[in-house]
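Next come two complexes built around chain A: one with chain B, the other with chain C.
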Partner chain A sequence: MKLTTTKRVAVGLLAAALPLSMAACTKGGSSSSGGAGGELTMWTHNAGNKAELAAITNIVNDYNKSQTKYKVKIQAFPQDSYNQSVVAAAASKKLPCILDIDGPNVPNWAWAGYLAPLDGLDAALSKYLPTVLGKWDNKTYSYGYYDVALVMVTRKTILDKYGIRVPTVDQPWTKDEFTAALKKIKASGDFANPLDIATSFTGEWWPYAYSPMLQSFGGDLINRDGYKTAEGSLNGPKAVEWATWFRSLVTDGLVPLKSGADPAKDFINGKSAILYNGTWTAVDTRKAFGKDTLFLPPPDLGNGPKIGGGSWQWGISQNCSDQAGALDYMKFAAQDKYVASVARDTNNIPATDAAAAQVKGYEKGGENQVFLDYAKKFAVLRPVTPGYPFIATEFTKTAQDILNGADPKTALDQAVKDIDANQKSNGYFQ
Partner chain B sequence: MTTITAAENASAVTGRKREPVKGSRSSTTTALLMLLPAGILLITFLLIPIGLTFGLAFTNARLISPRPAEFIGVDNFVRLFADDTFWASLRNTIIFAAVIVPVQSACALGLALLVNVKMRGTNFFRTVYFLPVVTSMVVVSMLWLFMYQKNGLINQVLLKFGIDGPDWLGDPHTALLAIILMSAWQAMGFHMVIWLSGLQTIPGELYEAAELDGAGNWEKFRYVTWPGLRATRTFILITITISAFALFTQVNIMTQGGPLDSTSTVVLMAVRTGFQQQQTGYASAISLVFFVLVLAVTLVNRYVTRDKDAR
Partner chain C sequence: MSTATAPVGPGVGSDHLAHVADPTTAAPRRGESGRHGIRKPLGVLARIVLCLVFGLPLLFMFVSSFKPDLQIFGDLGSWKAFLPVGDISTDNYTGVFGRVPFAQFMTNSVIITVVTVVLGIVVNSMAAFALSRIGFRGAGAVLGIILATLIVPFETLALPLLWWSNKLPFLGPDGFTEGWLDTYQVQIVPFIANAFSIFLFYQYFDSIPKELDEAAKVDGAGWWRIYRNIVMPLSGPAVATVAILTFLPMWNQYLWPLMAVQTEELRPVMVGIDYFKQLNTSWGQIMAYASMITAPVLILFVAFQRSFINSIASSGVKG
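Right after this comes the complex of A and B.
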């Protein structure tokens, strides 16, 4: 008797649960709307980045207060899943009105018709650094508040101790000088890692940080003349030379195969002598070592030092029901004071000179002036082709395989084959 | 309220199933009504996607593109079978399944036998063994990620015994093994509970009879327990096999398929191709191959188990 009662209750519960779960499904389906009733949805990748999210929230609050017609609503996503969320939303035509985009992905989304060009902002945007603007087919689709420079972070006392020259913008380390310096540090045994290149970072970090090294050798991700093939660029002798050198960093014990979860912390704790990282580490490292901290240009591996250009940028979507409203916000948010505030709070390079003057450290002769020099002198945009997201994943996997000991030529050849096939099957994105 | 009535009707149906069917029309209607929610869910989330996969696999459809998908015949499959990563993924998937099915089910059975003894404190151990199951796989993966590090917990323990442990997830030789061990640990509590339910359906008289016949512990297990677990065995075999083939979460979090494709799996490859590389058509082709693979294994499973049922 007892059993049957239990059974009845169980079946009843089950039967009640089913419609409930169905209801949950339908509710989940219609959660995001483009922009209705003056409300503009905004998506950002900043959920895990308090400082940047707060800076953006500030702009949005200012905007919402400045007028009554529109109301911008922020939805923050963690960076790891952001791109996939946007792509999924794009596929089901549920993109928000305003969204941020990692710079190199702009051509892809513009080509696919998901982004709308920023009309009427040309005058304001002409003052921005060219690397923070997302362009495709002669139209501007996005702008960013800041750029980031890649630097070799170390301490003056370390270099002095081992008799290593302090490189400058005009006279960076040569490849031999760089390797000799690392070997010297390694021989001393004072540091677990002579150099840490932050291999524990995932996603876009790999092409962002390591393709400039490839370019410094004289190779590239793809032949930028027409973006038709990577043959010769990604698997030519220069590229193979890069791959061999890249792997040798690990086999010679100069770089850990897998960095710790927080490479900057390892550097601050004296585990690594030199840290290859973005300028975002400047605050923490300066806090730890003060004036002793050095932010050096990356070495010249044959073709001059190179760093990645272009960071996160803002754009508006094509399927936004209120384009005028979205553009209105974009215009409002493009003011120099906002460029300054976002750059200041995220410790990045301000995108306009007027904003730079307002951010401490970027004024003439300021301690951060050198970052702006690097960005202006060494920055290379990642390939401006809608095929970039594919190239990025392909390069990431190939570079990881090479670092783990795959044959450089074979791995690069495979990447070239895949990239070429993808460019071709898309009709070269014409 | 209506759902409850329907549920009562349904339990009435099950209660009546051995009697000759009377008034079957109304019970058929009720049955169909009961089927409806599950039916709709299955059709929307299973049958339609599978149908789409079949179609898309023969096109060059992509996730983001203004160009319409074109029919390209079997190009996707030609490309797939020439892809080294695919063969590595297939090999890893099969190794994973081949190792984890016996290891996990044997460990789970062992645990079930241990917690099935009539002793104080068994409930405590049941809970402890079951804990990893209720913990999300993502959390478990993150924790083990730290434990598997070169200077992580596991290597520190090994060091106490004078063994210099490898970089478990960073070495192509140990990465897959590390994932297998961790997956078995996480899921075996679940199968322990199923074995346990099987063990408790075996009548105590059988053991008493066996004891009277002078059977030792091993004979009791071999001739009473093992045959008594036949139905449970089939169920466990099928569920572990299917979940083993769908290996994804652990790999996605811990190694992303690396180093050197040593932990790449078919599902991981399909997700990577479909989402990160935006090649919907190609990813569909991978999924289709995966579908055929699982179908084949299930058919073999069915054949093996049906053979035994007929006996």
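Right after this comes the complex of A and C.
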């Protein structure tokens, strides 16, 4: 029989598809869960982040060599979609034994039953920065090897040019000094917007970066005494004052309403005079400007300078079938030398003083010591309540509305109403 | 056909009538030639604008894939963003291969997409054939129910589907196992049956004369033979349309693999783009990766451009 072209194509595709589908269905298989046969599965958000993944892999290799009872196996996920993968795995009870968690999510994941407490590690963790420990309900669920700090990145030559004082940890800019400095740079006409606060970033950046400004005014995301209401904290006079000032940064042309896709690269390209960002920008900005680069403390907006605290941390899952094994790894991995190696390889702030002494730049007088000072003196944890993810989303929406011109008091009142309703509907997460 | 557009120009018909004003040959009235004259360049201009709107982002992506990150941002705001000027190199491409297992991701996407497209054509055409040609009692209601599922967004089904996928048994080389998560089949099987594909086939099959079935039946053909030897060979445009409409979303799968796949060896290309979104994002590498995963789709489109347009146009007309 003579086949037409259409038939040939169809038959060809079908012939190709069948073996492929057979191969497809036989490949793959179980991963996750962990615990069986001494194997402990570990999930990390570091796929694509070669430096941090290599540092974690070194710890795991050391652990696997140090004993024969357990074998930790790493599974790396991309950071941008890591949380969705974990939540999906939790829904299907496929969480691994060991996993990393973004600090502010720890109370929610602990409350939801994803995480088990790290029993027996209190002594080892007592030397860690408080901001790298994930706690909830008087139990510790996670620890991190490093913290990051928010800084005002600029160049000494820029401040000198406009006759602006270089602030220090002990003498940060006051609100008036900061605003006057920005207006002076703006008046020169050298920059369309002198300050870039990275408004193009999404997700956790908004509460991480801008709620410390609210706290520096004297407000907060929620009343931390019992975490039952945001009334007075998020919509009181101090909060309204913050919102009005925050909006004025845009209306006065000091900050762009929407930053470029990568504000750090825009800063290096000379588009802004001052960049409000994290210490992760230090490597690139130093590479561009060398010793001219300054990493300044955030301004004191009335209640002292504040920065967000808490970064990625490690914990163990509730459904790990070998909790003892997972805890054994966690104890092993909490050594100072591993804190030092991860912080060194990722250019972040070491979580312990002993580790800091081992990392170049963080020793006394080192170029990165200010980062550690900022983390110790100014860091504020995001609200330690399982309701935090909702609060974060609500704050992000409200701050964006305010920047776009919403009435500050009305927007904040609405946020308070929504946050209070969520806390209440969840029985205050008791 | 309207006679008003019949070409009756000078020299057509009797000479003595040549000077008589004919509505179709008469000199255009005042303003008409202007409108006609403007319409053509406006049409060309509109096409150029459309080309730029759709083409420039692709050009930007491709050109940026050869530039260092700082230059990508430095060139923004000028035409240099679309030109291969400055510090041009293939470093971003080298970086991509160092950061993600590109060949593995690409192979996974090809397997998942090809298998779903082919099985989707077979399964959905059979379903549509049954609904359109066999004419069993309740066929209309079944079609209505199938069409009703079109309004349910995938996001609402994702969690229940995940739950079920985790419970399903599977017979493989290791015997019966429970749970399909973290496999190829979990990325393929849920997307084979597709209400829209059934609808497209149903529409097309309905336009094929039923007399052909009658004639085949008289010659002793059964439903399978009518489907295979008569209806499917006449349904090339519908097959092509369904193939395209299945291929694109399968190639672009993102949410479901995120939820259902945990092993790197089984991830498709779209999830791979997340590997580049770090605190210090590598924009050049993102552009290089995006160029590489877009290329197969573009090459496929350019190669089969005529069939794509014909199939979509013909299916649209049927509707």
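Here is the rule we use: the second predicted complex is superposed on the first by the 396 of 430 C-alpha atoms of A that agree within 3 Å, B and C clash if a C-alpha of one lies under 4 Å from a C-alpha of the other, contacts with A are read in each partner's own complex, and residues count from 1 in each chain.
The rule is simple: contacts are C-beta pairs under 8 Å (C-beta built on N, C-alpha and C of every residue); 3 or more make two chains touch, one makes a residue touch a chain.
Because the structure is predicted, anything quoted here is derived from the model rather than measured.
When the two structures are aligned on the shared chain, A:T202 is found in touch with chain B, with no touch to chain C. Of the two partners chain B and chain C, more residues of chain A are touched by C.
In the superposition on chain A, no contact is made by A:A324 with either chain B or chain C.
In the superposition on chain A, A:A123 makes contact with neither chain B nor chain C. In the superposition on chain A, contact of A:A91 is made with both chain B and chain C. In the superposed pair of complexes, A:A112 makes contact with chain B only, with no contact to chain C. In the superposition on chain A, contact of A:I268 is made with chain C only, not with chain B. The intersection of chain A residues touching chain B with those touching chain C, taken from the two complexes, comprises 4, 7, 14, 16, 84, 88, 91.
The touching residues of chain B, counted against chain A in their complex, run 3-4, 6-8, 10-11, 15, 34, 37-38, 40-41, 60, 62-67, 79, 84, 150, 167, 170, 172, 256-261, 272, 275-279. In the complex of the two chains, the chain A residues touching chain B come out as 4, 7-8, 11-12, 14-16, 18-19, 22, 84, 87-88, 90-91, 108-109, 111-114, 202, 257-258, 389-390, 393-394, 397, 400-401, 404-406, 414, 421-422, 425-427.
Taken together, the chain C residues at the contact with chain A in this complex read 69-70, 72-74, 76, 98-100, 111-112, 114-115, 117-119, 121-122, 159, 162-163, 165-166, 170, 172-174, 177, 179, 181-185, 188, 232-233, 236, 239, 255, 258-260, 262-266, 271-272, 274-281, 283. Residues 4, 6-7, 10, 13-14, 16-17, 20-21, 23-32, 43, 47-50, 75-81, 84-85, 88-89, 91-94, 260-262, 264-266, 268-269, 278, 280-281, 283-284, 288 of chain A are the ones touching chain C in the complex.
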